[in-house]
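In what comes next, subunit A is part of two complexes: it sits with subunit B in the first one and with subunit C in the second one.
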Partner chain A sequence: MARFALRRLFQAVIVLFFVSVFTFLIFQVIPDGTPALRLAGKSATPQTIAAVVRQWGFNKPIWVQYADMMGRIFTGSVISYSEHVNVLSQIERGLPATLSLAIGAGVIWFVFAVVVGALCAVRAGHFIDRLLTLLSLTAISAPTFVVGALGLYFLAWRVHVFPLSGYVPLSQSVGQWFMHLVLPWISLSVVYIGLYSRVLRSTMLDNMHEDYVRTARAKGLSERKILIRHVLRTSLIPIVSMWGLDFAGVIGGGAILVEVVFNLDGVGQYAAESIQALDVPPLMVIVMYGAVLVVLIAALVDVLYVWLDPRVRLEA
Partner chain B sequence: MAPLLEVERLGVRFHTDGGVVRAVDGVSFALAHGKVLAIVGESGSGKSVTALSLMGLTRSANTELDGAVRFDGKDLLNAPEDELRRVRGGGMAMIFQNPMTALNPVQRVGAQIVEQIRTHERISRSEAWERTVALLRRVGIPRPEVRARAYPHEFSGGMRQRVMIAAALSCAPRLIVADEPTTALDVTTQSQIMDELEQLCRESTVALILITHDIGLVARMADDVMVMYGGRVLEHAPADALFEDPLHPYTWALLRSVPRLDRERVGRLPTIGGSPPSLLNPPAGCHFRPRCPHSFDRCVEVPPLRESVDPAADGEEVRGKQDEGHLDRCWLDLDTKRRLRHLDRLDTQAVALACTDGAA
Partner chain C sequence: MGTARELIRTSWSEPTPSAPAGSASLVGLEEPVRTATGVGPYGLAWRRLRANRVAMAFGGLFLLVLTLCLLAPVYARYVGHIGPNTNDVTGTVRVGGRVEDVVSPIGIPIGPTWHTRFFLGADQNGRTVAVRLLYGGRTSLEIGFIAAAITIVLGVAFGLVAGYYRGAVDSVLTRFMDLVWAYPAVLLGVAIGTSIAVGGGIGIGPFQLRGNSILVPALVIGFVYVPYVAKPIRGQVLSLREQEFVQAARCLGCGSVRIMLSEILPNLMSTILVFVPLMVAGAILLEASLSFLGAGVQPPNASWGTMIQSGLPLLTTSPQLVLAPGIALVLAVLGINVFGEGVREALDPRSQIRVGR
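What follows is the complex of A and B.
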């Protein structure tokens, strides 16, 4: 276990290094990426610009700039170009919304995918399977923003079931928090429900023909127990590993679209705004934070995986 | 006393995309308490399907079953699923061919046995666990209280098959159906496992249906032998009778292809030429006809499974000197069979001996 943790830590450092270098470099090479001009404000004199360049260190060699940036990230003192505020506090402000969205959606898509997938597998070839298959394929093909926009239009604008947009903290009102998140959760989950239920359906259909399922039947177990304890249990393994990666992906950036559509003011939305403003410091921090979460969640999923499949060992 | 198991004209038909497969065709037999019946035959002869059908494990939308399977006087073939479930793993237990895949890989072996016990008996988890540990000890698993908590992949093939045997014994069955229980194991493990299975059966007077293509095993354990081919029974006899006086040409071929250690062999081990019939499109008449060196015109009709007759006795059909209950499915008369067998140089005594010696 200690070796596993150490190894994962080492991997995380490498991942973070490359992610940070690439993100930093991208903003060096994109056109109009010169932040000094924007920092100096409109109609700035060359002297002002030169002062800004010196003040922010834009005249230093690029690796020094990178090192400075990383130093500030680790001391938590990154200041954004556009608003001159501390980036970390901005992220902290947006984190509850993002986490509420991602965790809620993650739970929803996992639970629904298992229910839909299992139902399809049990009723394979029947009407309900065909119907759900059709819906799954539709869900997989529907982009998040389309589902979100449709949901907004029909359920918030035409019929006022849900609020139009915004985020209400959990501490303020549980009911409001929930109501504000229902549509975002659904729009984020739909694709994954479709995808996962398909995978689960086919894994279960495969596993139904395994020898140990026949053994279970020969032991006198009821079909329901066979299905849950033997077929479903082993079929969850691929789903869980998919879930780990996708969940990390959603937290690390996949939620951006939904946050923007529903104006949740979370980290994703902050990232989107920063991209529009070519504001490098917040993006660096957000990308790093995403990468840390991805690595961390992947490690957690590996631990979960061992619990699900004892044949797997935590070594790597 | 009524037999424990009575199978009457069991037929199993699978509806496949290619047509209807008659996997089992009119198989009948009876098994008394505590007896061992061996079913032998090549792959695809229908022996496994017969075994699986006994406890309704071949039931599906594409399967057609007919005939009757009476276990303890109750018909199982047409029994509702919940009645069948009480028999499965309870009165009738099954041991499968491949212990590597027959256990659930993500469940502790002890839990898999506990699950079976608690399906059939209302006892507490801890009682079931205690019994599981005792069972594992009985089948020769060292440190059973520790090993019960291990996962199947932490066991060797032989140990896994012991776990399967322990599971089969867990609810005091009256019949164990063992479908090639040692085929997937290496030779030394095979004989250990069979020793133990044999001993356990004797201790508990449980009847055993042993499906195998190991003739040595049959010679050693079986009270009765049923030779199957292409879904039909070709010969059915007490084990001694079958080895001393085999009457069906297919049985001769099977016995001849047993490797012998007691004499020098010239050339290759004799095999049966050709391959087993396709049951999708079986040959007319006797299924062995295309491969049988002794076939004649009458063989295009399906011969009945009966005691051989000797027409020599003045037109009146009288039994030859063969044993009671020795049935075979061949048109040749008894005398001809024995003469042909002699010409084929099948030294039956020696085969029987070699089989028992080889197994010992």
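What follows is the complex of A and C.
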């Protein structure tokens, strides 16, 4: 078990290295040196462009630039092109909003997905199953920002149930914090509820025909107990691993769309503003952090998987 | 040159020679001679799909949206009488006997008139929403199809090569796929889309693409989704290559390319068919997300995502700017998703495939 965990961690570190190289290449090679032109301003003389190139080190060999960039990321001293501000402090500033959004939404989508998926599996083929399946498909088909905009228009503007937008820190007012986040939580959760409930439904339907369920029934357990203690519990394993990855993705920038709609001033909003300004360093750092989170949590999930499911341990 | 499986199928579908017309009645048996009609697995799947009325109805819904978007120039010319990028900020329009500004002095565009002019209202530049909706839909759907084609072709090619050759080739390709997989899809799309926008275009050998070409987002989206197809395909190839018919082909002296293309590929067809609607839906959604963030379709092209982006600041005063493209987007994607669900059930009721993150 410990050996497996170590090996998996080692693998993750290697992937992380490649992630950093790949991200660097995306941002450094595709634009092909033109950031210097952008930095120097619209009516720049060749001299100022040359000065900018030297100052930011665009004339150095690519691996030196990569090492410089990684050094700056690790020491937290990356500077953005457009505002010349420290990227890390900007990200830190946005973290509370993004974390509030991600954690709340993560809890909501997990709970609702389990309820909806289990309900569909129990009533498979009945009216309620078909209705919920159609609703799930609709949820998968609606981008988060469309759901968010609809919610904003109908529930915040037409009917004043929720405040219009913005983020209120938890330390300032718990009630306001909650009310401002309800719509973002729902908009972010909808698509995942749709995805997870469908996966859970089919996994549960598969597991219901397993031998151990027949054994449980033969022992005389109640259907309710079989369903919750045996079928649901095994079927939750893939859902938990999906949840880990998606949760990491949401923290690492997946919430970008919702934050823009609700003006939440989190990491995602910072990324969106950097896109508008074509500002490369903040984007590079955010994309790297996002991928790093996904890779680390994926490794963690794999280790948990082996720990939770002895069958996998035997195979490994 | 038919594969072994085709040979079997044709031999089964060969109609058994029926007895002469009068012979049955002579014996007194009026039962008609049954011939084994050859319905292949895809024929059967098509029958199952046709029987699934919900899936067919939603497929029809998607076709309807597609047709309307393809007819955008016709609508613009004969009904709207205006192009998608024609500004009319200072214009007026007659609604129910009253003359109203297209864009009011404080900058609020007119809402839906439900008449031929400004059927769904105008945007802040006085452009006609209905016309832009159709043109934008054309862009979105075009990107969806092109990106899905890129994803499927690359994903199948990678999966085939990695699964067939195994060893070093497989390791390199699989590691690369894992790498792409590690990024949240929206974030990777944003990263590549933005750097192309920063560079003002992209050049791959002789192909030069300008930054505002709709092929740029199509390429980006197509690339981002490749691992989602390549991984399951590779898994299937790994088991298919050990099957006897592959061994037989190898014994007959078939080369690797021949085995991959005419022995293994036909067996992957049902998986690929399941992926097509999923990838089109995923690509349309990702295009909308990227364009919404400004890293997808670039002006002057309109797409549903860019329309929602530019309409969002006016959500409270002119909701049609967001609602019209938003609803169109959901309807189109829902149509494909339910139809795709039907395709999946028809081809293989047990498989589970998931796209997007």
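One rule holds for everything that comes next: the second predicted complex is superposed on the first by the 286 of 316 C-alpha atoms of A that agree within 3 Å, B and C clash if a C-alpha of one lies under 4 Å from a C-alpha of the other, contacts with A are read in each partner's own complex, and residues count from 1 in each chain.
Here, contacts are C-beta pairs under 8 Å (C-beta built on N, C-alpha and C of every residue); 3 or more make two chains touch, one makes a residue touch a chain.
Note that the structure is predicted; figures quoted are calculated from it, not measured.
Trainee: Subunit B versus subunit C on the shared subunit A, clash or fit?
Mentor: Superposition result for subunit B and subunit C: fit.
Trainee: In the superposed arrangement, which partner chain does A:Leu257 touch: subunit B (first), subunit C (second), both, or neither?
Mentor: second
Trainee: What angle, rounded to a multiple of 10°, is defined by the Cα centres of subunit B, subunit A and subunit C, with the middle one as vertex?
Mentor: Angle at the centre of subunit A: 80 degrees.
Trainee: Could you say whether A:His230 touches subunit B, subunit C, both of them, or neither, answering first, second, both or neither?
Mentor: first
Trainee: Of the partners subunit B and subunit C, which touch A:Thr23 in the superposed model: first, second, both, neither?
Mentor: A:Thr23: touches subunit C, not subunit B.
Trainee: After the superposition on A, what does A:Val287 contact: first (subunit B), second (subunit C), both or neither?
Mentor: second
Trainee: After lining up the shared chain so the two structures overlap, which partner does A:Met69 touch, if you call subunit B first and subunit C second: first, second, both or neither?
Mentor: Neither partner.
Trainee: Of the two partners subunit B and subunit C, indicate the one touching more residues belonging to subunit A.
Mentor: C
Trainee: Is A:Val146 contacted by the first partner subunit B, the second partner subunit C, both or neither?
Mentor: Second partner only.
Trainee: Examine A:Glu210 and indicate which partner it touches, taking first as subunit B and second as subunit C; both and neither are also allowed.
Mentor: In the superposition, A:Glu210 touches subunit B alone.
Trainee: Under the stated touch criterion, which partner chain does A:Asp246 make contact with: subunit B (first), subunit C (second), both, or neither?
Mentor: After superposing on A, A:Asp246 lies in contact with subunit C but is clear of subunit B.
Trainee: Closest Cα approach between subunit B and subunit C after superposing, in Å?
Mentor: Nearest C-alpha pair, subunit B versus subunit C: 16 Å apart.
Trainee: Which parts of subunit A are in contact with subunit B and also with subunit C?
Mentor: On subunit A, no residue contacts both subunit B in one structure and subunit C in the other.
Trainee: Show me the residue ranges of subunit A that touch subunit C in the complex, using the header's touch definition.
Mentor: Against subunit C, subunit A makes touches at 15, 18-19, 22-23, 26-27, 30-32, 34-35, 38, 134, 137-138, 140-143, 145-146, 149-150, 152-153, 157, 164, 195, 199, 202, 245-246, 249-250, 252-254, 256-257, 260-261, 271-272, 275-276, 278, 280, 283-284, 286-287, 290-291, 294-295, 298.
Trainee: What does subunit C use to touch subunit A in their complex?
Mentor: 54, 175, 178-179, 182-184, 186-188, 190-192, 194-200, 202, 281, 285, 288-289, 292-295, 308, 312, 315-316, 319, 322-323, 326, 329-330, 333-334, 336-338, 341, 352, 354, 356-357
Trainee: Can you check the complex and tell me which residues of subunit B touch subunit A?
Mentor: Going by the criterion above, the answer is residues 55, 57, 81-82, 85-90, 93-94, 96, 98, 101-107, 115-116, 119-120, 151, 153, 164, 167.
Trainee: State the interface residues of subunit A toward subunit B in the complex, per the touch definition above.
Mentor: These residues of subunit A touch subunit B: 210-212, 214-223, 225, 229-230, 233-234, 237, 308-311.
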